[in-house]
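Here is the structure we will look at.
The chains carry the letters A, B, C and D, assigned in the order they are written, with residues numbered from 1 in each.
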Amino acid sequence: MKIGVFICHCGENISRTVDCPRVAHFCEGLPGVEYSIDYKYMCSDPGQKMIKDAIHEHKLDAIVVGSCSPNMHERTFRNAAVSAGINPFLVEIANLREHCSWVHDDVEAATEKAIELVRMAIEKVKRDKPLTKIKVPVTKRVLVIGGGIAGIQAALDVANAGYEVVLVEREPSIGGHMSQLSETFPTLDCSQCILTPRMVEVYQHPKIKLLTYSEVVKVEGFIGNFKATIKKKARHINEDLCSGCGLCITKCPTKKKAYNSFEEDLAFRPAIYVPFPQAVPNIPVIDETVCMYYKNGKCGMCVKVCDREAIDFEQKDTMLVADIGAIIVATGYKLYNIDKKTFDSKYKGYGEYGYGKYRDVIDGLQFERIASASGPTAGEIKRPSDGKEPKKIVFIQCVGSRDPSKGISYCSKICCMYTAKHAMLYKHKVHDGEAYVFYMDIRAGGKMYDEFVRRAIEEDQVKYIRGRVSRIYEENGKYIVKGEDTIAGVPVEIDADLVVLATAMIPHDNAPTLAQTIGIPYDRHGFFNEAHPKLRPVESTTAGVFLAGACQSPKDIPESVSMASAAASKAMILFASDTLEREPVVAKVNEDLCAGCFYCKKVCPFGAIEVKDITDVNGIVYKEVAYINQGVCQGCGTCTATCLSKSIELAGFNNEEIFAEIAAL
Amino acid sequence: MTQQKWEPKIVAFVCNWCTYAGADLAGTSRLKYPANTKIIRVMCSGGIDPVFILKAFERGADGVLVSGCHPNDCHYNAGNFHARRRWDLFHKLLDFVGIEKDRLQFSWISASEGKKFADVITKVTKDIMALGPFKAYQNMNSEFTIEFPELEAVALKEMLHEEEVSDGRA
Amino acid sequence: MEELRKYAKELLEKGEVAAVIGYQQVNERRTKPIIVTDPADATKLVFNEYCLNNLSVYFTRARIRSLMRTKDKPTKLAITAKPCDVHSIIALIQENQIQRNDVHIISFYCHGVVRDFGCEFSGDYLASKCITCETHKPLYYDKIFGEDKVTPQASDKSLAKIKELEKMSSKERFDYFKSEFDKCIKCYACRAVCPLCYCQRCITDKTIPRWIESSSHGRGNFAWNIVRAFHLSGRCTGCGECDRACPMDIPLSLINRRMAMEVKDLFSFVSGRSLETPTLVGSFDKKDNDEIFM
Amino acid sequence: MEEKIITKEDLLKLCDDIIAKGHTLLAPGIAEYVPVTNASQIQLDSSALPTKASYKSYVFPKAEPILYYKRSKNDVQLIDADVDGKKIIVLGAKPCDTNSINIMRHLFNWDYEDKFFDLRQKHFIIIGLMCNSFDDYCFCTSVGSSPVSEEGSDLFLIPLDEETFALRIVTEKGDEFIQQYSGFLKEGDETRSFAVIEKVKHPEKAFDSKQVHEWLGNNFESPKWDGIGNVCLSCAQCAFVCPVCHCFDIVDEDYSYSEGRRMKNWDGCQFGHFTLHASGHNPRDIQSKRYRQRVNHKFRYYVDKFGQILCTGCGRCSRGCPVSIDIKEIVANCKD
């Protein structure tokens, strides 16, 4: 076997601490190495050409590239090798940058280490076997989890491209947080007005199967071939019969038993309800916890008034199974609940602001509802406690965000903008009112964003105070906000009528559970992890699972929408061909030697291992062996390490290759 | 042989998704750690065979680190849970047959824990430095190994060798 | 004894089993395995304190398993098994080497066997595994003979040795095991007699790659013995056949026993005791011990 | 040859001198022949049964390097392994062990002279000790030897009483060796030693090796082999403890990415993969064929080729067999 070794300087990134020419020279003397050279930028066009030329000129069978992490340029060099006629799996990368030059100072030690790393790669490549990619069929159907604006956008994009979509929403209606907003920044156009047509389009789209009041409980399989189990919770309404007349809602006697969560608990709702008038689908849900029928078996008013006999108290949760090719996760966010009750959680809360204690200390979404024309106050700015119009209002930014001591280190990104919007909406409605904003920094990056904030300050006279609020307490019907103006360097005290907290965006409580169900990683906050922060921001590390919207990190509407479209296009790329090429890193059983103990079957996380009968010439089964379904195997290799007789090998990482690496130490 | 300062030889078997990426992040973040550890990448900590560790000791490793994704964080859902059982037992076995516990260490390092990777490597290196070379294992069949002469000296060595044999027969 | 012979003869005559794997007497203090296929040979069967062999090992032999297919229809194999041998059978069933329906277990109340052939049955010569044995009555059987008798009192020297080793320093332990393993001649008798060493090709016989140096020098011996012990960790049922078979008297079951103790401590698991409990290897608990991980 | 008398005390002094000279002195220990570091450890007990293993490994080690190799860019360097030419004196070898090296020598000098074996055995001095006990497994008399056989010994001891031994000088090598200790020797009296030998009980002859040889030649396909194959577990401990089994396996063992050694390791014909071909075919695929091979090799092939039975009748294989297969019984059954 003739091996070519190519050592990259990476400009100076590697060569600063690794003596690249020495590494190349050393490798030249190693058994099997036909050609060895170093170059400034191996990944550049001339660098790649150098590799291709060397392959032709020296008739190389395999190559080793000493460069950056394989996560960066493995593909580049494999492609170069392929174009010169070498199997892409006869290319090994020695990680000389991330694992060597960048982490060591001593040139001697780093060079020694680089030599060993390259030597290991050479020994491995000698044992590498040519592999071909595996083709698996693709189910051209997308599962979108979450029916907020991101989920809606993704679903519509995919459906409009002609592929089927299953859209699963946990709440009774799609729409998400966007449907709660009064106006949107920076254009101040009505949120409902732009969202509702989209919601209706989803409902009416022939390619979209909408499952509201449903949750994904199990995901099996792999890219192109997932199998999702969806729990459709009992609405107690026959969806096919209900006409959405709403008579049941108006007649329901339990009027004020439950807070209306759509109104952010600023209003009540009956036991049978639709979350909001524009809900899609416009089909009510019965809340078992408050409905009289479930309490004492009496009432049944809704049954009496429904002339379509759509009420079904006996309805049970049902499980639906769908074959899915790709998954778009768009589960969105919730607001950091700064209520004292969360003191035992990882978040520290803001007891000093009196949220939950003072009814007029509210969060951003509550203010959205107060400002909304369809909200509990019909758009008039009234404070929750006594319904009076607040004449002095204080907005506090960064409540929770950017404060590691409160459990959240990140910036929630949208609060600067929506606080400016809130202040503006307030000033537009209460012309004689005073609006104050406590801020840390104003982060208004975005088209027309900074202009929008300037408009609030300059045109609408919102008073911005740079500083933190230390305490809020009630005094004579006023809320005393004690803070500091750090620019003027003086303490500030404002007797406000209403305080609005721009609390942090955090993932839903069950985000980690969902992540584990789907099999995608998540960060310590519970936001789902993208495959690469820069280059693969909408893909999760699990192939075939894409991310959209605020479930990945805080985002505003345009960002969520663009991410949703990006995720949709990623799914559509997948669907562009009928089969899918997969990395051939899969395990294979040596059936002659398999002893049939099936420990491999017990440990396989993907259920890829099946029992195969081996028969003699008479067709009588004389032994059972393990068989690995190459389409299902994900190539973790847990079976190979568990196999006692070592009758399973993982292609690309087989035991011989790893032993060779160890030997080269 | 010149009196060189002894530098331990350490092998780290790491999973592709978490610890390898964590090591990449340590590099991207330009964190510094000792150069003694060489990484061998596998797909999952569940795919690391205990015999790899023995092989590493055989090939002169003074210490071994095994690292993967945190529990619940496995790219393959459960590979690391199986690995955890395996390593717990194997570690106990090595301890019982008299291999110092620190010769074989384990960690969970996620892709975002570049700092932890650097810290763990620094700690393991320090521990192995304190234990010294793993002579007990390496020398176990020193009687069956020879030093190869430099290429030029072969002829001379072969002559000497002949001499010795004929001596023995006399 | 006559009951056993009569029962075995009937099983064979009725064609319920293809063979009875049992013991026959060699001399007063020694028995040996016999595979009875002819009902007439059932008279050779015995059961006593000298039935040392763990006969379940024969289930792993293709020659013996093929007996199940010699008749027109698949037939069972009967085995005379001590209660401790039944543990091995359970482990084999769990590892898919034989099906419960394929085995007819003829077992006995057992009060211990001798340490080695030629010894007198008494506390002094009691097999090590019998000292702490709690299963005088088999956990699974299809037919049981005999009555429960008292096991002779004996001191648990193997446990004392384990305790002694635990107190030693790493280096002392290493030296102890190295000197023991050095005796190994790689005859693999330990592997051959172990019911759970049923691999078609043992990893020590694999050459690409070479998992274990097959030479019986220090390192090859050390690696073999560690890997052998590890492959049995959580699986070994403690029958002690390896100890008995080892011509060089390496204390193999000492390591096995110590690992079984660890397994019990860490995972509250004992191998070969229940067909319902999942095997230790191949299962996990999210709450497994995490302390060795940084 | 000559017969001398040596007291036990002097014999032990002689041993101390051997040790002092840096030679290896082997004597029967609990399980095997062990190197003695102090003469006081020596038990010269003619009534002991054979040790579990013989001293075969000192002339034919269980693992030894035969050459070393190093790969370089376009070359492979080879260096032959050295043989340790240390003098080894075995004291108190059983008559069933003494002839083992002589028997094996045929094989190691047949078509190729094994310098490792030759050099080692050249440095061997075997001091045999008359055997005065036997158990159910002993059958030296059936293979042409006896508890008083001097064959293979360079010197042979016969205990005359508690404190004195008759020392027979059997070979020139033995003579040359003992000359340096002539001070310890007194003139012997053959009548005394003969009287002792007369009284030694011999194990009963279990079979006639000539008849066995003939039967084996005619009964290669005898159904008698089948039953043995069923019970045998193929562990090959019989081959490993046998004083004359000499199969070995040549393996290359890398100890770094470029260096390695070629090893000669014990092997055993009872292993299933012993005869496994690279094609996957295995001519001795089942245990009965392998056991047949064992018996045929010992009592027929080796006799045909070298005129000697490849068995000393020590009974080790049967004594240690985990499933109590008794080779004596099987060979005795090799008749119609």
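Criterion: a contact is a pair of C-beta atoms (placed from the backbone, for glycine too) under 8 Å apart; a residue touches a chain by one contact, two chains touch by 3 or more.
No experiment lies behind these values; they were computed from the predicted model shown.
Any chain bridging subunit A and subunit D, meaning touching each of them, is among B, C; the list is complete.
Measuring from the average of all protein CA coordinates, the nearest chain centre is that of B.
Among the remaining chains, A is positioned farthest from subunit C, on the basis of C-alpha centroids. Contact count check for B-D and B-C (C-beta pairs in contact): higher for B-C. Here the CA centre of subunit B is 42 Å from the CA centre of subunit D. Centre-to-centre separation between subunit B and subunit C, using Cα means, comes to 35 Å.
Centre-to-centre spacing of subunit C and subunit D amounts to 31 Å, using the average Cα coordinate of each chain. Annotation: 52 Å between the Cα-based centres of subunit A and subunit C. For subunit D, the set of residues touching two or more other chains reads 63, 72, 254, 256, 263. Under the contact definition stated at the top, the residues of subunit B that touch 2 or more other chains are 50, 58-60, 72, 78, 82, 86, 144. For subunit C, the set of residues touching two or more other chains reads 201, 203, 210-211, 213, 215, 217, 220, 281-282. Viewed as a network of touching protein chains, the structure reduces to a complete graph with every chain in contact with every other. If you check the complex, the residues on subunit B that touch subunit D are 58-60, 144-146, 148, 151, 154, 157-158, 161, 164-165, 168-169. Against subunit C, the residues of subunit A that register as touching in their complex are 592-599, 601-603, 620, 622, 624, 642, 644-647, 655-656, 659-660. Touching subunit C in their complex are the following residues of subunit D: 30-32, 52-53, 57, 62-63, 136, 227, 229-231, 233-237, 239-241, 249, 251, 253-254, 263, 265-266, 268, 271, 273, 286-287, 320, 322-326. Within the complex, the subunit A residues that touch subunit D are 28-31, 33, 119, 123, 592, 660, 663-664. For subunit D in complex with subunit A, the touching residues are 71-73, 254, 256-258, 280.
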